[in-house]
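Here come two complexes built around chain A, the first alongside chain B, the second alongside chain C.
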Partner chain A sequence: MKELRDLARQLLTDGTVEVVVGWQSSARGARPIFVDKPEEADLLIFDTRCVHNLATYLNPRRKQVTDLGKLALVVKGCDAKAVAGLLREAQLTRDRVVLIGVRCGGVVEEFDAPVPPEISAETIMPRCYGCDNREPHLVDHLLGDALPEPPAPLLSIEKRIEALEAATPEQRWEYWTAQFAKCVRCYACRQVCPLCVCERCVADKSQPQWIETASHTRGNLSWNVTRALHLAGRCVGCGECERFCPAGIPLTLLNRKLQQVVEERYEYRVSDDPEVAAPIGEFRLDDQQEFIK
Partner chain B sequence: MTDVLFLSREQLAALVADLVAADTIVIGPARAGGPAIPGLEDRQQGVAKGAFGTLEYREVRSADELELGPGMPRLSLKQFFLPQNEKLFSWQQKGIAVEVQAVPTAFAPRVILGGKPCDVAALGIVDKVMNWDYQDELWNARRAATTIFALSCGVEDQHCFCTSVGVAPDSTKSADGLFTAVDGGFLVETTTDLGREFVDKHRARFAEPPGGAVEAGTAFRAAALAKVRENFSFNTERVHDWVENHFEDPFWATLGVRCNGCGACTMVCPTCHCFDIVDEEEGVGCGSRRRCWDTCQASKFTAHASGHNPRGDQIARYRQRVNHKFAIYPTKFGEVLCTGCGRCVRTCQMGQNIGEILVAIDEYAQKDTQ
Partner chain C sequence: MSEEFEPRITAFVCNWCTYTGADLAGTSRLHMASNVRIIRLPCTGRIDPLFVIKAFERGADGVIVSGCHPADCHYTAGNYHARRRFALFHDLMAFIGVDAERITFSWVSASEGAKWRDVVNEAVANVRRVGPFTAYRELIDQSVSADHPLDDEVLAAAAASAPATSGDSKTGDGA
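And then the complex of A and B:
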């Protein structure tokens, strides 16, 4: 923690950046903080409650953040993947941000705790299990000690996908229509997504209207399926969409399944290396295309 | 205080059965559920948040489904009066003419059993805007068709602040009656003619309270009131004046910068009532006009056809939310547009905390006057 605060203070004092975006401890547990004064650097923390993907603040849609000038951003490995996604898609230039990487041993599901909970099978954020980027590469500074690998959660995302796949198509249809029926179409999933970068979302277009605004089955299916497919091969699996969903729709299941499909079909695994092109952004002669008859 | 009656758990079950048999729609807090798939536990967001998120208000067919205890449903009661999407009319093209079909504006009788007092109070506050320059026929018809019994609340958690905004854990504001849980059942009071008529009609289900029940109910309510007051408090008048006079203030930038504009706070809010009206085609030459919930936190909400957006960033949009609730609405309608349920706080995944914000504003206001 001390090295994080010292570094932030230094970056602000010597004018390298205008603002350091990291986490603070509040009455709502850990939450994002924008530090613009060197004397406030001591408010910064990093612990198991720091679940939020702060890379979302680099999204060009966040005008209130882009207006602040050059930023330093504290990133976990998963967050760094999202930064790489923005760089890969030319939504961000590397010189706009100083990346402070933190070594991570997993975060907990519930950030709203007065003190950082211990990581255990009960508390672990399921997406942290099997994480391949606990030490971000795409960073200017790397802080913290190497931490042990996080334990398996009580029920892993993979196990849940297996359960879903074991069900009949009718059961799955019934399950997803019931899940999507809860959707209130606030688009929180889109708003928080670091990689939903469209200036004007397809859901906001009314002439023609591609996706119905009303939250009936048809409208909700087209929104949720479109969102998932637009993120296929781009989604970094940070799980913020599911965390933000006020209706509690398990969006991670869709995202993870699509990650599996992309990996299987294109041998692509999302990383924090912006130089590796995503399948959606590149054409290869050896792409599998047996579906073209 | 009106006469207090007692409704045992058994008689509640019988009452719900009577209502269902008479085609009255019964709505109350119930466990959120849906089709299950073996091995796929429906991991609701916020599992660790305890009861929040595991309950929902929905139609129930039997009292077994009702969860009349602690726990705050994820969404408020507003969905039953202002549905997330609501058909206003349909059209069908016939040659060069267009036939317009109205929607029914009469609703089957409904009873809400166990609404949170904060959720129930919200309905009366929103009534004012729904009957201001335009009488909203659909809202009013649904209100008229619904008898509401609130349930004395034991206070959910540290984010509750109903007493700061003129509500209380045992408030009967906008309610026709109040349930208070005691051993073996509920104390029932009525506060309106609608409530009294309901109880008279089902009088056989109600009994005189058993010994000690009234005292237990009073103690429960007093404890809840003390508990919510311990959380935090602010003065809405001072907040109103400060907000009204500080449209331009550096304070707003410190709030809006964190906000992602996801609008989840407005969706779960019992008093946020803004909507969008859309025409949706449902085939060739036919379709429906619908109104759907909208949110002031979305940039599209204020986007002009010219391309100009008067609320150009999230700082302006977040200020709008606080402004509308604590300055504009009270100026216009005499009540703050908030019932202190704390849902926006529990829902915000970036840790935005309206309680903390209002306390800070109140402190600024007090410093200003010193």
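And then the complex of A and C:
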């Protein structure tokens, strides 16, 4: 923690960056903070409550953040993958941001806590299980000690996908339509996503109106399927969409399913290396086509 | 339900291969099912998965997506891009439980009028078997799925007992 604060103070004092974006402690867990004065650097923390993906502040849709000038951003491995996604798609230039990487041992789902909770099977964020990037590579500074691998959650994302795939198509249809029925079309999933970068979302277009705007289940299905597909091969699995969803739709199941598909079909895993091209927009002559007659 | 169900099928086809192939099927006077409405697009690369979703919303019971064979694309690579996009769409629709019979993907070249006939006849037969897609259109009625037993708790129970009940999904609804 001290090295994080010292580094932030130094970056602000010598004018390398205008703002350091990280987390601070509050009565209701950790929350994002923009530090723009060296004396405020001591507010910065990193612990198991730092669940938020701060890379969303680099999304070009957030003009108010762009206007702040050069940023330093504290990133976990998953956040670094999202930054790499923005770089890969030319939504960000590398010199606009100083990346302060932190080694991560998983974050907790219940972050409504004034002190950092222990990582356990009950508390762990399901997406942290099996994380392949607990030490981010795409960084200018790497802080913290190596932490032990997070434990398996009570119910992993893979197990839930397996349970759905073991069910009949009719059961899956009923499951997903019941989930989509809950959607209120607040688009929080889109707003919080670091990689939903379109200036004008297809869901907001009215002529023609591709996605029905009324929040009935049919329009909700169209929106949720489209959102998942637009992130296929890009989603870093940070799970912020599901965490922000006020209706509790299990969006990570859709995202993870598509991650599995691109891994199986195109041997692609999302990494924090911006030089590796994403699978959509690329192709191979011998791509699988068993589903085509 | 005395009348036989006649499927409505929307076909999204590329201008250069499948549309010309379908034209050939017509000028060759091949007999085929007349349930298909063709929408011609410049290339399979122009076909967004949202087109398919929109077709279902507007009353299609099935959809055909067809274009040039790999290496034959008029624009060099449009069908390769489409192939990846539709692989993802195909797998995602299966995951949310849309019957695979409802969406047919095919490559039909300009000279394959007979193949187009077969693709159409097969798609119509498949959709006829699975029936009208009213389940999709009726999603507009909120009451259909306000409450459903296969919620997360049941899913959690299913996951916990997955090894025991796998391969016997028909009787696994005791929860």
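Here is the rule we go by: the second predicted complex is superposed on the first by the 287 of 293 C-alpha atoms of A that agree within 3 Å, B and C clash if a C-alpha of one lies under 4 Å from a C-alpha of the other, contacts with A are read in each partner's own complex, and residues count from 1 in each chain.
Convention: a residue touches a chain if its C-beta (ideal position, glycine included) is under 8 Å from a C-beta of that chain, and two chains touch if they have at least 3 such contacts.
These numbers were taken from a predicted model, which means no experiment stands behind them.
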Which of chain B and chain C A:L155 touches, first, second, both or neither: both
First, second, both or neither for A:M125, with chain B first and chain C second: neither
Which of chain B and chain C A:Y187 touches, first, second, both or neither: first
First (chain B), second (chain C), both or neither touched by A:L285: second
Touched partner set for A:L195, first chain B, second chain C, both or neither: neither
Touched partner set for A:E174, first chain B, second chain C, both or neither: both
First, second, both or neither for A:C245, with chain B first and chain C second: first
Chain B versus chain C as contact partner of A:V74, first or second or both or neither: neither
Chain B versus chain C as contact partner of A:A55, first or second or both or neither: neither
Common interface positions of chain A, toward chain B and toward chain C: 155, 159-160, 162-164, 166-167, 171-172, 174-175, 178, 181, 212, 216, 250
For the chain A and chain C complex, residues of the former touching the latter: 155, 159-160, 162-178, 180-181, 202, 210-212, 216-218, 221-222, 225-226, 228-229, 232-233, 250, 254, 257-258, 261-262, 265-266, 279-285, 287-289, 291-293
Contact set on chain C toward chain A in their complex: 48-50, 53-54, 57, 70-71, 77, 80-81, 83-100, 104-107, 119, 122, 135-137, 139-142, 144-148, 150-152, 155-156, 158-160, 162, 165-166, 169-170
Residue ranges of chain B touching chain A (in the complex, touch as defined): 32, 34-35, 37-49, 53, 74-75, 84-85, 158, 253-254, 256-264, 266-268, 276, 278, 280-281, 290, 292-293, 295, 298, 300, 312-315, 345, 347-353, 355-356
Residues of chain A touching chain B in the complex: 26-34, 52, 56, 62-65, 67-68, 108-112, 123, 126, 155, 159-160, 162-164, 166-167, 171-172, 174-175, 178-179, 181, 184-188, 191-192, 204, 206, 209, 212-216, 219, 240, 242-248, 250
